[in-house]
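Worksheet: one structure, shown below.
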Amino acid sequence: MYKASTQVRVRYAETDQMAYVYYGNYATYYEIARVETLRKLGFSYKSLEEQGVMMPVKDLHSEFHKPATYDELLDIEVTINSLPSVRMLFEYRIQNESGELVNSGSTTLVFIDMERNRPTRAPEAVLKVLRPFFE
Amino acid sequence: MYKASTQVRVRYAETDQMAYVYYGNYATYYEIARVETLRKLGFSYKSLEEQGVMMPVKDLHSEFHKPATYDELLDIEVTINSLPSVRMLFEYRIQNESGELVNSGSTTLVFIDMERNRPTRAPEAVLKVLRPFFE
Amino acid sequence: MYKASTQVRVRYAETDQMAYVYYGNYATYYEIARVETLRKLGFSYKSLEEQGVMMPVKDLHSEFHKPATYDELLDIEVTINSLPSVRMLFEYRIQNESGELVNSGSTTLVFIDMERNRPTRAPEAVLKVLRPFFE
Amino acid sequence: MYKASTQVRVRYAETDQMAYVYYGNYATYYEIARVETLRKLGFSYKSLEEQGVMMPVKDLHSEFHKPATYDELLDIEVTINSLPSVRMLFEYRIQNESGELVNSGSTTLVFIDMERNRPTRAPEAVLKVLRPFFE
């Protein structure tokens, strides 16, 4: 198992007229947290795409427990529970500054060989940084 | 059961560097389709808020079957399978112009009395337009 | 001179906690109106990119006269005042359902040959549909 | 004169199919930089709204010099050239990690008394933190 936390401050653009974070923006928070989690492992998603592998999202689940509001500094905990194969599962827990659970969710991403436009196995570059946490 | 379809054309702003619709934008497509579905029933979500009831999203599930791309005219079919109580479930199926399934998903919304900031039952104005389809 | 109007309904996602359309979203409204204006002339921006020419924005000016709010049906009038050369200027006037001026602005776009990544002259396909309005 | 810099990393959601930051997202970058600039002065925009004063944008000007791309860490320099009265002008210069100018622009914001929904003078709380830089 691998866990890491990323902070995101709520932007004005992300609020709606309920004065809540618009529900579609949590997908963006998940994306940021995924990328930063990989970066902490020494792995750059950008370089993955440059090497010809992209990771579109296959499914998204999200539970909205409590509204997040403007200017709050949210903590997004990402958990990777298993070594990726052709898919990679990320789980998220978002807390506000008072430690209250705001949102929880998960996404499944797939590895796509961009040249062939076909699913492919997780590249060794990803597996190498993750293996130490799954031994 | 009540079903209705809404069309949305993919905006340039909604694409990402994969040249796909960014996955977070499907939540917006769902929102548009919900509101237009209610409008076809003669019901305005805006007027609901003006009467002091708002409908934040409680959970969101989404499956990405096939990428949607720039300028495509998407068809979003919304299904309401049961009369709402304190919650209201919407199901979505999004197809492209070739009739291929692009995305499917669901959201649960809750009715909130804005003055008391508490869950409330579906207002009679909503139930009245839906009842004929559930008899 | 060529003028055309496009309608856009304000989405919940586009509002902010002032209950106004967030100011960054007008750029998206401009984009939609540009593309629909070209479509009315029989010209598809998507096909332009498929032929290897893209049109990034060079500058943007926007004046916010009156807030636009949720669910309003906005009318965006686009004016093309001159035949494009290496640049193309679009002017915008956005009115609400009461005919009040909400926003006015302009954008300059450039034609880029995607293969060479260099500015290029407006393709004949664009000029052909516009010339009749500038004779 | 007061100057301060804020960093923003480009999100995947902010790119478009040109693989550039979508032009409408610079308005959001400006917003983040404004708020962080005020925060560095010891002033919270959020608390301003809580005290009944909001700052909608009156006009926006933006020049796109060079595309910004995914995962770049942008530096946004904000300049306040004069003490605000009923209006407040912010100027922006955005550079990429190589020190190249990506975008420059400005916005004029107005102070609105939310209760009366009328323009108002810059609150003393804002002037107090800014005066030392304009003496």
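Labels A, B, C and D are assigned to the chains in the order they are written; within every chain, residues are numbered from 1.
Definition applied: a contact is a pair of C-beta atoms (placed from the backbone, for glycine too) under 8 Å apart; a residue touches a chain by one contact, two chains touch by 3 or more.
Quick caveat, the model's predicted, so the values are computed rather than measured.
The chain pair with the larger count of C-beta pairs in contact, out of A-B and A-C, is A-B.
With every chain reduced to the mean of its CA atoms, the largest distance from chain D is reached by B. Centre-to-centre separation of chain A and chain D, using mean CA positions: 28 Å. Once the centre of each chain is set as its mean CA position, chain A and chain B turn out to be 24 Å apart. Per-chain Cα centroids separate chain A from chain C by 34 Å.
Residue positions of chain B touching 2 or more other chains, listed in rising order: 12-13, 17-18, 22, 24, 27-28, 31, 70.
Of all the residues in chain A, the ones that touch chain C in their complex are 12-13, 15-19, 22, 24, 69-70. Interface of chain B with chain A (complex): residues 17-18, 20, 22-28, 31, 49, 54, 56-64, 67. Those residues of chain C that touch chain B in the complex are listed here as 11-13, 27-28, 31-32, 35, 44-46, 70-71.
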